[in-house]
Each structure stands twice: as C-alpha cells, then as structure tokens.
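Take a look at the structures listed below.
The two complexes that follow have chain A in common; it is paired with chain B in the first and with chain C in the second.
The block that comes next holds the complex of A and B.
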C-alpha cells in the first residue's frame, strides 16, 4: 500500500477516499487467523500438548506458566489443552446449526415466496407461530425432558432459528420471483425445478451467506449458553461453555479457568461475524464491477 | 431579501465554463466539460441528449447538488449572483427562492407521509419571516395548487399516494414555484408520464413560464418534447455541448452531424419508412472519450483532421445564435426520407396466414380491479399486431396472457389451438405454446439474469429446441441479432441497454417461435438505439417470417413496426384496424386524444 498523500490540488474528499482502500482490514485478517486456528484444533485434537482429561491434584488452580500456558483448573487439568479439545464441539454445533437453518430456511422460503398461495399461507403462519416461542426456553425444557444430547439440542435450535431467516429469504425470493429474467425462463419452457435452481437460487446466494454467518454467530453463543446451563455436552467434557460454568465457582481464586473459555467464545462469535461482513462486502464489489 | 441579488432582474441563469469531474482515487474524469448556457426570465431552453451525455449531471451542477464523488468547476450565476461561490447556507436560501428544481419521478419526489398542501407551503414564510398560521398555510396551498391546474381544494389535504402520477408532478411543480423562483430546472419532468398527461404538464410549464416570468431549463432525451416547448435547444453529446440554436434552426437545419443523425433516427409520426437511419457505435463513457471531436468515430462526415485536436463551439450564422462544435458544419445537411429512399408505400398488406392467437371476451380481475375487460384479439401468422394504450390500459396483461404468464379470469385464450383459459393445461399443451410464442421484456436492466453469462442464457432455450451443436447455434443466434459471437462469454453487466435487448430478443428466438410478443422493448432505450432495434426486428420478421405482437405507448413506433393495431383504454379495445387508418383517421375519441397528445411544433 502506497497511501502517500499527493501534494497536488486534489480536494480533501478525494484524499480521504484514498486512505480508505486497505486490501484486507487488520481486524478481519486477525479474525481469519483465529478461525483457522480454531478449525485446525477442531480437526486435529491431537494438537493439545497434554491430555485434556488428565487430573493432577498437585497443580490445582495454577496461573499461566511455561508448563501450563493458560494455567490449570480446580482438578489440575491443563486449560490450554482443554481449550484446544473444546474447539471441536464449539465449532461443530454452530456450524451444523448454520447449515441446517440456511438449507431448510431456503427450501421453505422458496416454497413460500415462489409458489405462493396456500403453501405461502401455511409456511408464513407456522413461522409466525414459532416467532412467539422463546427458543432457548424450549431448548432447556426439551433438553431437560429428554435428558439432553447434542442431536436434540441441534434440532430444537434449528427449528427455532428458522423464523427470522425464512422471513428474510422469502422476501428476497419474492423480490426476484417476477423479474423479467425469471418470467423469460418460464416462457422458454424450462421445468419449474430448473427455473428455481438455476435462476432463482443463485441470485439469493448473498442472502444465504448472510444468513449462514448470522446463525453461526448466534449459534456460538446459544450452544455455549446451553452448555453453561449444563444442557449441551455431558459433564466433564471439554466444552467452552461448560468450562465457564464449571470454573465459575473458583473465579476469585484463579480467574483464568473461567475467563479463558469465555474469551474464546466471544472471539469466535466476533470473528465469524467479521468474516461474514467481509465476504458480503467483497461480493458487493464484485457484483458492481460485473 | 438578499442584498446581493437586488441587481439584474433581467438576467436569469447563466453558466460560464461549468465543468463536472468524477473523482476516482487518483483519476479525475470529466463528466461535463465547459458548459456555457444562459436562460433569460420568461425564456425556455432545452438540454437534449442521450444517456451518457452528461445532461442530468449538468442540471445538478447548476443547483450545486452534486453527489459527493462529483466536483464542479466554473461558475453559475443566478440573477447576477455567483451561485457556486456562495456558502452552502446562502445557496440553500437561494434554492427555491431564486432557482427551483423538479425531478423525473413523481412517485419518489414527494414525501409519502406529508399531506401535499404542507409540502407545497413548506418553505413559505410571512412578510416578517415568521411561519404562516395553519389557516394561512391552507389558503396558500389551495391557491398554489390552483395555479398548477388543481382546482379541487380537497387535494391539499391528501397524501401523495392518493394522487395520480400527473397530479403528483403538478404538486411537485407547485412546490417548486411556491417561492416565485426566477429559474426552474426540470429534469425529464414528463418521462414517467403517459402521453396525454405529458401534454398537460408541458402546457402547464409553458403557461407558468409566461405568467411567472420563469426561466425554464428543460432536460430531456426527447427531441419532440424539446422542440414543442422550448425557444432554444442545447444539444449535448459525451459531456460537451455540440450545438446550440433556436429551436427552428436546430429542427430544420442542424449543423452538427450528431444532431442531424439524432433527428434522422427519430421514427416519423406520419408515415412509415423502409429503414430507420441509425448511428453506428455507442456513446463513449467518461473514461474513454476520444481526443479531438467526440463524435468523430461514429460520424459519417469524419475526416482524419477531426480527431487531431479538440473542436470548439463556433458561430455559424449572422445573428450569432447558432453555434456548432464541428469543423465541417457548413457541409452538414439533414438526411430526409427522400434521401433515404422515400417513404414506404404504407404497410404492405400482409396476406393473413393461420389464426395463431384467438382471444375472445377475455377478462382479468385483480381482486376488485379490472385489468382487462372483455377483449377480442386475433393474431394471424406473419403479421405484426400492435397493442397501444397508456399505463393501466391492460395492454401488458393482455400480452402476458398470450404467453401464459397470466391466467385469464374469464373468456377464451387460444394459442396455437391450445386453450390457456382451461382449468388444466397438460404438459404436452404447454410445450406446444412455449415452442410457438415467446416474449421480450421492457426493462433492459432486469431482462437478463445477472448471475449467468449471455451464452448460458441462450443455451437454455436452444437445448429445449433440440439444437445439436450448442456452441455453433449460440454463435449463430448472436450473429442474427447483430452481436459478435464472443459475447457468449460476457456477463449482462458488461453490456449496454441496447445490447441487452438484442440478447433478450435472441433468447426469445432460441426456441424458434412463430410469435414474438414484444412488451415495450424499445421504450427504455435512446432514440438512436431504438432505431437499431426496430430495424433488427423488421429484418428478423422478413428473414424468419415471424409474427409480432408489439406492445407500446409510442405511436411513432407503432407506425413503423405494426400492420394492424388495437387501441386499449381502461381494459377495453376502443378501436382497431390497419395501423395507418387508425392513426391517420382515428374514429374513437380516445384515439383522437392520444394522437393529438403527441408533442409537435405548432406550425
């Protein structure tokens, strides 16, 4: 970047504009690196320097040291290793949730927005109904009744994550459903599934990407909240939300075991959000140039 | 009020070398260059040009209302005051007071949540500078609306959405002239309106300029509108004024090749020509304007010297009124029909072929609104049928029913023997209809899917028609509509409006249809581009034996492209017959009014 201001008589406005063109913003780059690191940990749990479940009462509640980079918890387990081991569940839950909501949401939105009529009425009313129910509360009840488990939690969060996104995607579909190029595809005689798959869906991809990242970000927080309440992953599992919950009692003796996983959760949520926004901006720029 | 403007009631608005630049990082591109124009109180001038000429940007520069990425240089003086040198606050005081602006779109110009009376009187203050009382405001609003021909006092209490487009444009004008400005700038004020409404608004502007001593600056792409309303015309091309003169001089003796070509490209109203004259190429974009004469690459008079150095505006008559930016101005003559081969002997009478489309007592309701109200239409093979009417006449709904995009509420629509009004249309029957009738749409911006290349758009239809070699067939199709085969790899965003319409026509042709329904395909295009597309459509009809159903509001276009015409009003056919008969000897009152509304110069 050679953002050297010119000494010619350009206006202040254009000079300001020149400063605003860094290729990748620093924060976005850091967010990307963080996500890569979490993903690496999720794929290779063996990266952990110690066994995340190994109990050693001799080193209970130690601060960070050369041996234990982020200290130890009450049972003397290595926090650094537990954070790495927890990456998988922390990432997998929101990821599956985001994929689920985006895919099912798009299907419902296309059905409602493109075909309209009774299909639209049924889907839209269901969405309204779901809107009025607090998702986390239902998740807690369901998890309590069924004894919890990852699958059930995921299913409940997907169902209650749908309303907002079905509405948004449906609006995007309806905006395009009667554009001339869609109608031209119909008059050409293309079968309906082709009109939908090759003409409608590609034009709402930006909306789908936005949905994906939004749901993912919320998912990070939602899964952690459930784990914190003891409903997500089983006790003892190295889950970030669970770790905050388990270690909150000792927070005044040693802040590290409770704060480190909490910071990890916040960083993960913020990072995905930043990356999502960055991709959106890039896509807008590319579209404008086309 | 303002001490600096007490002098010079005689001067209206004048600009001196006004230039507008686009600041793009380090690059600085000229959008409009050295525009010098003037308008006296009570005088009306037109700035005419195609899209990309810089006319709208010039209008905004006059008001000091440029978007942030544009900067202006030079000077605008309003009643003797240097407008652009004033502070923003002082300029704001002058806007509305001395110089006012009305915009193209009557639907977005007014605030939807304020009553129109309040909008008209928003800027008014009493003698002592205080706000008016509620009663005073209401009285003022009614009086001002009366001035623009709205006599119903209840209108002042209505919201914009309760009014028609023409009424809204009137309200916009009333608000603009509420403070008795000296200069009114109107940017395409009638483009979004129907012809009959357009005529009323133009007449209103003309009357107001006389009664209010207004200097009127009319920005338009429509030469007819300019000639019918204005005293003098400025023709702009690629950011420059290329010709200035009295309306009559420009109309009958244009001295710039571009003006002459533009006039020749305009489809004549009163007769059919075998081929419309066109201008090759397209308007260069701000970054790629040629050196020397801007028009040289497209000019039939161009010689090598034309591209050497910039050409300046020079006076070409004794009075000094007619100025032209062309070195060969004296040699330019207006190409008339005689030179182009004389008028065609009217539409050739087409031997009627099979009855392809038969519509009987067709109705279409949207809830309680009736769009089409019992219409009979026949389309025979090989002919070109026009559906003419204003917005809301039901012409587009009718066309959509022919290709099965809209299902009729009642009546019968038979296309190629298939009853489209039937409860159930089988897959086989749909295939017949789709292979027979195709459609081309109005808006060049949304007619092509932005996520697909031109080639993939065309291949879809070709595949359905069972073409063997898709690559070759795509290339052939593109060539048919006058585009290079390499366009198959381009994206819609890389094409101009005219090129996109060509692709849309090619897409319709990809199914080898017998009927092509053209819904206002040229109405969003510039005159010179429109001429290209109309010529193309005629060639295609001659080569492929196509049948056209041509939907338009433009009677000059109807004359050029159709053999028979149906005139629609409020969902009913009010008149039909051979196109020349209907246009030359209209029988129904509505048709008469439509024909009379076309702006023309009073002889």
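The block that comes next holds the complex of A and C.
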C-alpha cells in the first residue's frame, strides 16, 4: 500500500486535522454519486423526461440530441427515459439477492461457527456440496423447466450464491466465538440470543457489509444476464439487460440503444464493487491500527 | 540440503498406492456416481414439473385430448414414478436422450452437432484464459504495487463487474461493425471462415474469465513470494526462472488446478450468453431456444451434459491435486 497516513504523524498535527473530511478516492466518490442517482431513479420513476413506453416511428434510431439525450431505439422510444425507468428492476433483484444472502448466510454462519457440533457438520457438508454448482446455470435451467418467475429465480440465486459467503462468515464467527469477552458474557449467564446478538454479530458487521456488496455486484451481472437471455422481465419492459438484447439487431445502423443500457449495467456493477472494496480497505486499516 | 533429499525419500517408498489414497480415490469416484444418479433423477422429474404436466411438456400446448392420451400410453406416464425413472435411466445408459419435440430429431444428435461449435470454443478460451491469467498473475505479483500491478487490479475489478454479453455486444459493434476486422454474427462456412467467425466470441469469453484467473493467481503467487522459501531462494542466488518453476509454480499447483476447473464451469455458463450474442449454433443456443419453445427433452439433455461436465471436472481436479501435491497425500494418511 502506498501513502497510508501513519497514525503518529497525524497526532502531531493540530486538532483540526482530526476533523477533516475523510479522504475518499475520486473513483469511489463518483461510484457513490452514480449509485445515489440510480437509487433516486428507482424511487422516483417520474424523473424521466418522457414516457419510456411512448412509441414514435418518426424518430426511430436517432443519435443523441438535445431532445433525446441518449438517442432513441428502433420504435422511437427515448433511451434516456427508458434507462431511468429500468433503474428499479435493475436495482431490485440484486438488492434482494444481496440482502437474502447476507441475512441467511449470517444465520447459517453463526449456527455453524458458534454452536458447532452436529449443526456445523450438516451446514458445512451442505455448503461443500453446493459450492461448485454454478448459480447462473441452475437459474437458467430452473427458469426453463418451471417457466420462470422473479421469486423462483431469486430463490435459486440465493441458495446457490450462499456457499462461498457462509464459508467466509463462518470463519469470521469462529475467530471470535471463543475470545475472552465472549466467554465472559457466557459466564455472566446472559441468554444465548443476547450473547449472539449483542456480542457476536456486531463484530462481524464489516464482513457482512463486504458480503453484501460482493453479492450485489454478482447479482447485477446475474440478473442482467438472465434478462438478456429473455428469462427475466417480460418482453418490452424497460429492463437494462433486456434492452441490450432487444436492440442488438440494430447495432449495424445505430449502436446507442444497445450500448447505453450495457454501459449502465457495467457502471452499476463497478460502482458497488468499488464501494465494497473501499469499505473493506477502511476496515482492514482500522484493524491494523488497533 | 532438504531440497535434494526430499525427492530421494519419496522414491524410496515401496511401490503401489498407499491405502489412504486408494480409499480417497474410490470414495471420490463413487461420490461422483451418486451425484450423477441424483442429478439424473432430478432431470427426470423436469417433465413432471413442467407447467400443465408431462403430457403437455412432450406434446406442446396445442395438443388435443386424443394426442395426450396417446402420449400417456407411449411414454408410460400412467405407470408408477420409480418404474418410469428406471426406464429413463436405462435409456440414458444406452445414450438415448429422447427426441426433440420441436425438431423431431434425437436429442443426442442435436447435442453432437452443437458440441462441434461449443467444444472447440470452450477449449480455446480455456487455454487462453488460463495461460494469460497465470502469466499476468506472475508479472504483477513480482512487481507488487507497481503501475502494471495497479492497472491489472483495476482491469480485474472492471472485468468481474462486466457481464459477458456486454463485452460481446461492444466487441461485435466495435471490431465487427465499426472497424470491420472480423465477422460479428454467425458461424461461417467452415475452415478459415469459421475460425474468423470464432475470433470475437473466443476473445469475449477469454476476457470475461481472465478477471478471475488473473486475480486468483496474483493473490496466491503473491503469498508464496512473501514466504521465507522464496526469500531464501533469492538470497542463495538461485535464478528467477528456477525459483518460478520450483518454488512458485510447484506451491501454487493446487490452486491453479482448482482454478482451471472453476473456469471450465464458468466458461460453460458464459458460453450460453456469448453464443446468443454472436448467433452461434452451439449448446448454449440450443438450450435457450429449447427453453423458449418449452422443448423438454432438449432441456433435459443439455442439463445432463452440463451436470456431467461439472461433476467430471470436479472429480478430475480433486484427483489431480492429490497427484500434484504430496502434502495433501500425507495429510490423508495421517488423518486416518
């Protein structure tokens, strides 16, 4: 690591130095801004300047202009508005996936790592079994067999996304399960739920945050891939992955309608990835200085 | 020196496979067979899980009542489930995967044709992604913190966050349409033309997987270089290449083999997407079309192939790791 400010050098400076704004790398800050923008679009779809479904054959496949900031697709729909309208679907899947994997993963990890014994054996065996199964492939097959649906896809991605994170979180739990303060809490006669909730879980929050962002990033890739294959949202819906697939045929005349949603997907995934890595780095630094 | 004595000591061991290893190998192979049996049962159940029931899965949504009764008779859907599975398993072992509902041709033949596109693509990208990934991993680990290292790290972050179909679409547009270097769609008419058609899909796949291979090999090689043995080798004045071969690659062997197995599996998933982007008639396209047509026998066939690939790759990886790393074999003996 280069140019990590050393703790001794900062303590020599004036008190004001301690209260300065934390130094956030430019890229990470931009990533945060982009995420905020997407979140705003997801919460207020009314921000779109035009109706995302409005068809106007007169302006089919136009390039970017003052009227249509990101051009129009084959049916003359405003791409900028469609991107904004697609924010909600593009954010919802990965968000629920990340929440699901983090929460269920933590539960399983605590059960396996803290209680140990037979619970640990069962959970660890299951994790080993599912570990090498590719989640996206299973999601594709399940969508094909059952006819698909958001709920079932989400469930498949959660179940098959769990193993890696259960393993990591379990290791974090085991590291702390027998530290003196934990044993002190048990000796004091605190009920198990309280030991786990107030003494164990708070210490692995940084690991949970890292898991959350990592899963979110993969979720963006997985959900958009499924949409691209036509196994996600219904035809014509303003979903980013779907838009890339729908507008693929027109890249020979106008590449904007296919590339704009593609770039949006990449920006979303890269942003969450960058923020996750930044938080992870901060946490590692804080730990090293302790 | 221990380095010169160690090989002699292993050679002195009496011939034959140690019992712990033999037990492990047999256990591992039988586990793979059990997993395949379970998978085949689940795949068999696909027909029954289809919307509308098994008759509709075979006949399609427009079938008349008479046709449905006929199908029930032919396929034996009125018989007990286990009996049906037994018949299905027998057919599988004879290489019969059923007949496509839409194309009215044996699934095995369809798979064979599609494999002619998918398998070369898979092998080609597998080699590129592995060799290039490990090479970049070595270079960046040796120059940790340098400009190259940080650039590679940034690119892997970008690569891991970019779906394969996005890379493919951008490539098809830039190199296929804008620059016109390579054909952007289809498979071509054999020979050189086909190879030209495969350049963009292969590069797309390789880039998508390169992020994983680079990152993992970079981390592992960095760890080994930080170990005392690497420092010692350098202090003794042993050459760079010698250290690379005998210290770095030997120690990273297990991780690199595991990695090469992992990427075969992710390449297979990625190919489904990339074949769609470039309109290649491979196994992925076969699968996606079958899903849209609800062509259940084809879905079953492709799923079985994919499962077989995953199981066999994992088996081979585990056995190769045992072969490559004596420490793992020793642990087997002592764990008994």
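Quick notes on this structure:
We adopt the following convention: the second predicted complex is superposed on the first by the 258 of 290 C-alpha atoms of A that agree within 3 Å, B and C clash if a C-alpha of one lies under 4 Å from a C-alpha of the other, contacts with A are read in each partner's own complex, and residues count from 1 in each chain.
As a working rule, a contact is a pair of C-beta atoms (placed from the backbone, for glycine too) under 8 Å apart; a residue touches a chain by one contact, two chains touch by 3 or more.
What you see is a predicted model, and the numbers here were worked out from it, not measured in a lab.
When the two structures are aligned on the shared chain, A:46 is found in touch with neither chain B nor chain C.
Contact with chain C, but none with chain B, is seen for A:133 once the two complexes are overlaid on the shared chain.
Within the superposed three-chain model, A:117 lies out of touch with both chain B and chain C [touch as defined at top]. When the shared chain is aligned, chain B comes close enough to touch A:180, but chain C does not. In the superposition on chain A, A:190 makes contact with chain B only, not with chain C. Contact comparison for chain A: of chain B and chain C, C touches the greater number of residues.
Counting contacts as defined above, no chain A residue meets chain B in one complex and chain C in the other. Interface of chain A with chain C (complex): residues 1-2, 132-134, 136-137, 140-141, 143-147, 217, 220-221, 224-225, 228-231, 241, 244-245, 248, 251-252, 255, 258-259, 262, 265-266, 269-270, 272-274, 277.
Across the interface of their complex, chain B is touched by residues 6, 10-11, 13-14, 17-18, 21, 179-190, 198-199, 202-203, 205, 287, 289-290 of chain A.
Of all residues in chain C, those touching chain A in their complex are 46, 49-51, 145, 157-158, 160-166, 169-170, 172-173, 177-178, 184, 261-262, 265-266, 268-269, 272-273, 276-277, 287-288, 290-292, 294, 296, 299, 303, 306, 310, 314. Remark: chain B residues 23, 25-26, 28, 68, 71, 403-405, 430-431, 434-435, 437-439, 441-443, 446-452, 457, 460-461, 464, 491, 493-494, 504, 507-508, 510-511 touch chain A in the complex.
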